[in-house]
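Quick heads-up: structures coming right below.
What follows is a pair of complexes built around subunit A, which joins subunit B in one and subunit C in the other.
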Partner chain A sequence: MITAIKDGLRAGLITAIIFTFLILIGFTSVAANIIGDILGNPQVLNNETRLPVGNLLIFIALVGLFTGLVTLKKGSNPPWTDVLFRGLTGGILAGLIVGTVIYIVGSFHMEGVDFRAYLPNLGASQLGYLLFYSTPIAASKTYLLYFTVFSLVGALARKTLTMLTGLRNKLKSIKSQIIDWSDKKNFHSLVGNQLFQAGLIILVGIGLYFLPLVWGSYWNYIMGTVAIYILLGLGLNIIVGFSGQLVLGYVAFFATGAYTFALLTAPEPHAVGLNLWVAVGLSTLVSILTGLLLGLPILRLRGDYLAIVTLGFGEIVRILIRSDLLTPLTNGPKGVTNVGQPIWRGHVFSDVNYMHLLMLLVLAGLFIAKRLKDSRTGRAWIAIREDQTVAQATGVDTYKYKILALLLGAAFAGLSGALFASRNQFTGPEDFALMVSVNVLCIVIIGGMGSLPGIILGAFVLKGLPELLRELADYRLLAFGALLVVMMIVRPEGLWPGQNSKKGKMATFSNSLGEDNLEEKV
Partner chain B sequence: MIKKFQNLNITWGTALRYIAGLIVAVYLLWRILQTTSIQGSYGPDTWMRFLITGLVIGGIYSLIAIGYTLVYGILFMINFAHGEVMMLGTFAGYFVLEAFAAISAPGSGDQSLSLLNAYPFPALVITFFVGASVSALIGYLLEKIAYRPLRGAQRLIPLISAIGASIFLQNAAQLLFGPQRRQYTNPDLLWRGTGWMIPVGEKSVMLTYTGTFSFILSILLMAGLLILVKKTRLGKSMRAVAENKQAAALMGIDVDAVISKTFIISGFLAGAAGVMWGIHNGLFNHYVGFIPGIKAFTAAVLGGVGNIPGAMVGGMLLGLLESLGPAILGIDFQLKDVIAFTILILVLIFRPSGLLGETLKEDKV
Partner chain C sequence: MKLPVIETQNVTMSFGGLTAVDRVDLVVPEQSISSIIGPNGAGKTTLFNCVSGFYVPIEGEINFFGKKIKGLPTHKICELGISRTYQNIRLFNKMTSLENVLVGQHPRMNSMWVESILRNKHYRQQESQALQYAYELLDFLGLSDLADIPAFNLPYGAQRRLEIARALASQPKLLLLDEPTAGMNQQETAEMTSLIRILRDERKMTVLLIEHDMRVVMDISDIITVLDHGQKIAEGKPAEIQSDQRVIEAYLGPGVDEITKKFNRKKTNNAKS
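Up next, the complex of A and B:
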């Protein structure tokens, strides 16, 4: 009983804090709007200044349900009375805290206090909505009621669900005894059939060819961005995912590629006017050289030091590009405009052509990355990633392979930089902030370090989804940050882990922290 | 000839490293000679001003750098979100000062006299205490939520978690308080841009009140920390845990509690540094922690990461190098961040153990 109440109170406290935080960052009304969109409720009622209260109530109910769900621990199966207590205590505590906050803020609001100077999300319209356009005391009572009721419902639902899964598992085991495996084998042989594979590839190819023609330019733009980030992700994956070197200044190579291409093709500030395809090759080459310049001295460093040094390098490149010192060369903070456009058979590339080019390059990149991974080099990288000392002892030239990984990664970045500059017809120093490196790193890690399908998935999740969910754009980075932390705790191998990283492997390997620390320190 | 080289055990990497180092050193010397030999480029008063700026900023860097060093010494991880911990301290101090400035002093009869100007020193003490405590709390929660579940994981994993926490805190601050720049309200006694005039040569240099105040406070806090680490029981257990976690646990030290306290202490110092930053520089927004965070990390590396006096010396040195460097080298002041990052890279290439650090094994580097 005591543990039940304790668990309930903890869950209630956590949800109350989260919910208050969501109110303060203005997420509650955004969520309510999204719920309204999904349910097809009108955004504005008869009175034009008021938002529909029902959507907000649904959101509160969902948070209440969540409270109830988390009052039960994973894998536990407490008795019904216990569940009742957990749901009730959690809901009441959460409701009391949130209700008190709403009551205090609402009372101040009624007296005419303006919070907006310090907390911009507590404007008059927002607060009115949070108070359901009624008095603070009535609103806080509603919060308490909703949290309590739905927390109880959530706890009971979780309990029911655990019972159901228990039943389902039993059913499954019976089923597996009965069903013959021949169906599955047939399916496997079909997938393994080369003819079938070839047919599938041709079908997908035809689909990919026609999609950009059908989509329209808006989708071509978004998917082009996703494709560029897939290329970047493939490159960084070679460095971080395969060889295990954490590089946080990947944007430096992206920037060198973009700027080399822009400066070689744009009329301003140099008017070199080089052939575009030569320029693409050159920008890749310059990025590789930058990688060599950076890699030769610093790749002896390990782990976190490497991360910070490369981060510093990325910032140096950006600061130098925009500094007065290099303005004659790079056009400074203004950036380079009218970057060259590729020409094919006398026509300037349209967005469809770009999309086709990007798709081809992504496929080529995937092919290269796949072949590299399965090669002797790839095995050497993975050996370095798993344990550098052991790799060295087994005869892997770690320094050489780490530099090779960095150069290949830099090549990918240089190529995508050139494409990026050409497609946007512009490149400026602010395109290359630290956030680009972090985004690409997120793609690699969230997809699954070292996993190629994971990168495609990661790029779609991180670059495609925010474009679709425009309302949530402000909360994108906040969610990334939280996602990175949660992923590292819950699923460090990523959403779609590669074959080489079995589940839990990342967590069991320890070379600096915790238990295995003894010998290393002495 | 080749055999001789092999006996010397010089690999291409090392050779290249030292050749590059030699070129850099020669270039820097030439540059310094060139700029300093040009008579009258900077008067003694300007140098004095650079020196003062460097010391004040250096004190702030030192306080943040200690946080990096303490955590690294115990967990061997870079607390990437440390700059964000400082940023939240800056915000907390700002709100406290705003509150003091908004309330008029009781009993004085003068409505325009705020509590802040009526009792400036108690108000400042409370501000610093609240700012530092908020940062300490954030540091504690950060460790508990983002790092503790990852004890014993591969080395990259806590670092990625720290990067995530850093992004989260930065954006949370932006969403909570808005993206605009804000300005600290100082008490009139400590107004920015006022100070003592010190005659240097024919001209005089202003020694600002805020700068002096920050510098003295940072020295006091550092002295307090040294006493804490060297003389108290907590300091002893911190050193023991840094030395060897398992042995410390066997001696009856609660390792997790010590780690929590380490985060609290480093958060406290970072928060104090954040409030100082606000009082001294005035303007701030949610990005305020990022650059000082990386600079302070550089300072920690410069002094030898894991080494507390090293972090203090490194912070001061970095502050001085940053403010004097552009003038000595005769380059743009825009490039002072480049100087800091270049120092970081050079130190890590040539002396990864830092100026005062012990020689670490390659694993740690």
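Up next, the complex of A and C:
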């Protein structure tokens, strides 16, 4: 009973803090708007200054449900009375805290205090909405009621769910027994499986071919961006995910690729007018050379040092591009316009052509990454990631393999940069802010270091979703942060191979491999 | 005369003020089991680290079949034919047993990254040979059933054996084992002992061993070298080492001599009365 109440209080406290935070940054009304969108509810009532309260109530109910859900621990299955207590304590505590916050803020608001001086998102209209356009005391009572009721519902629902999964597991085991039995009878022949796979591949191929044709240029734009980020993710994954080198300035290679392509094909400022496909090749090559330039001196560094140095490199490239010094070469902050576009069957590339090309490249990239991963080369990389010192003592020339990873990663970035510039018909220094590196790194990390399907998923979540939910775009950083925190809790080892960064410090100071003894002495 | 597998001359290694290995001469004959023993902190692991290239000794020479290897990077030394295990197990944790052994074969293979994308004949041949040899080694060390399990999830004894399998994968001429039976029970220790013998007798390998379990050391060593405070204090066959006064002192402290004498006197007194 005591643990039940404790768990409930903890869950209540956590949701209350999160919810208060969301109020302060103005996220609650955004969420309410999104809910309105999804449900097709009107955004604005006849009276222009008032927003529909129902959407906000639904959001509060959802948070309440969440409170109830987390009052039960994973895998536990407490008795019903316990569940009742958990749900109630969690909901009441969360409701009390949030209610109090609303009451205090609301009272000040009623007395005419303007919060916008401190918190830009707490304007009068926002506060009115949070108070349901009624009095502070009535509003806080509503919060308390909603949190309590829905937390209770959440807890009970979770309990019901666990019972259902228990039932499902039983069903599953029966089913697997049946499958075992049928396997023995050779119902699944190998040929059948292969046929099935081939059919699936063809179907997916046809789907991928026709999708860009039917879903329109808006979707082609969004999905094209996602595809470019998948390519970037695949490249950085070779460096960070496979070989375990935390390179933070990855955007530098993207930028060199884009600028090389733009300068070789745009009429301004140089009017080189190179063949487009040659230009693509050259852009990739220049990015590879940049990688070599960067890699040779710094890949002897380990862990934190490598991260910091490469972080600087990404910024240096951007600053150089827009500097007065290089303006004659790069067109400075204005960027390069009218970047060349390939011709296909007598027509300039359309959005559909770009999408098809990008899809092909993504497939090729996946293919290459997969084959590399399962080879002698990939094994050497992963060994370096797991324990660089031991990998080298096992016969892997770690320096060579780290440089190889960097060059291949740079090639991916250079290629995507060229396509990016060509598709947008423009490239400017601000396309290559630090955020691009962070974005790509997040894709790799959230996907789970070194996992290829994870990258695709990560690119969709981090680049696709924000584009689709425009209103969320301002909260992208928040989402990053939240995702990273969740990742740290759920898959800490996926975040960053800890041994590397810890050992790195020793190694850089003591000449060669001096950190070995630190570990040896256990 | 046949060249020794390893010959160290005057090897010295120090950390700051501490001389961990002090002018050590060591000769390891071919197809032998040589052991290094000594109290904790005697410098045994440091000597291993010098031989395998982790440290560059500040003085002295190390020859491998007559070839100078001091200062070579560790992967070059591995390519020449020296493999090692670690006192505290250091496997590639997230890789499976099989993959660990495959990485071990890295220096014996030469397929390039482009080939792995194209999967040409050379690449496929090498991969399938590597796979076959990896399974052979896993079988040899009794790890066949654990081939697809990540190293991290293996039981302790299996991890020790997997380290040996990985070291053997490069087909070394010399195997350095740093306390291979540490933390093992009696049966596992016995298995490990016979395994090391098999390596010498059937695989014609040379084994250099650091070991704390005296029964194991005395049982299988051809030559034993004793280190204390970084210095070599004795060397010889097991029987010679067992009766060496300096060795006993190093292990039990200098007082032991007097205690034994007193003890003996008492015994004789008792016998008299």
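Here are some notes:
The rule is short, and it goes like this: the second predicted complex is superposed on the first by the 427 of 522 C-alpha atoms of A that agree within 3 Å, B and C clash if a C-alpha of one lies under 4 Å from a C-alpha of the other, contacts with A are read in each partner's own complex, and residues count from 1 in each chain.
Just so we're on the same page, a contact is a pair of C-beta atoms (placed from the backbone, for glycine too) under 8 Å apart; a residue touches a chain by one contact, two chains touch by 3 or more.
All of these numbers come straight from a predicted model, not from anything done at the bench.
When both complexes are overlaid on chain A, the residue A:398 reaches subunit C alone and has no touch with subunit B. Shared-chain residue A:372: touches subunit C; no touch with subunit B.
Annotation for subunit A, partner touching more residues between subunit B and subunit C: B.
By the touch criterion defined above, A:244 reaches subunit B but does not reach subunit C.
Shared contact residues on subunit A (touching subunit B in one structure, subunit C in the other): 389, 511-514, 517, 520, 522. Partner subunit A is touched in their complex by these residues of subunit C: 15, 45-46, 49, 52-56, 73-75, 77-79, 83-84, 86-88, 90-95, 99, 102-104, 106-107, 109, 111-113, 116-117, 119, 123, 126-127, 130, 166, 170. Against subunit C, in their complex, subunit A makes its touches with residues 367-368, 371-372, 374-380, 382-383, 386-387, 389-398, 404, 408, 493, 511-514, 516-517, 519-520, 522. Taken together, the subunit B residues at the contact with subunit A in this complex read 13, 16-17, 20, 75-78, 95, 98, 145-146, 149-161, 163-172, 175-178, 243-246, 294, 297-298, 301, 331-332, 334-335, 337-338, 340-342, 344-345, 348-349, 352, 361-365. Looking at the complex, you find that subunit A touches subunit B at residues 21, 24-26, 118-121, 244, 246, 248, 296-298, 300-305, 307-309, 311-313, 315-316, 319-320, 323-325, 389, 399, 438, 441, 445, 474-475, 477-478, 480-485, 487-489, 492, 506-507, 509-515, 517-518, 520-522.
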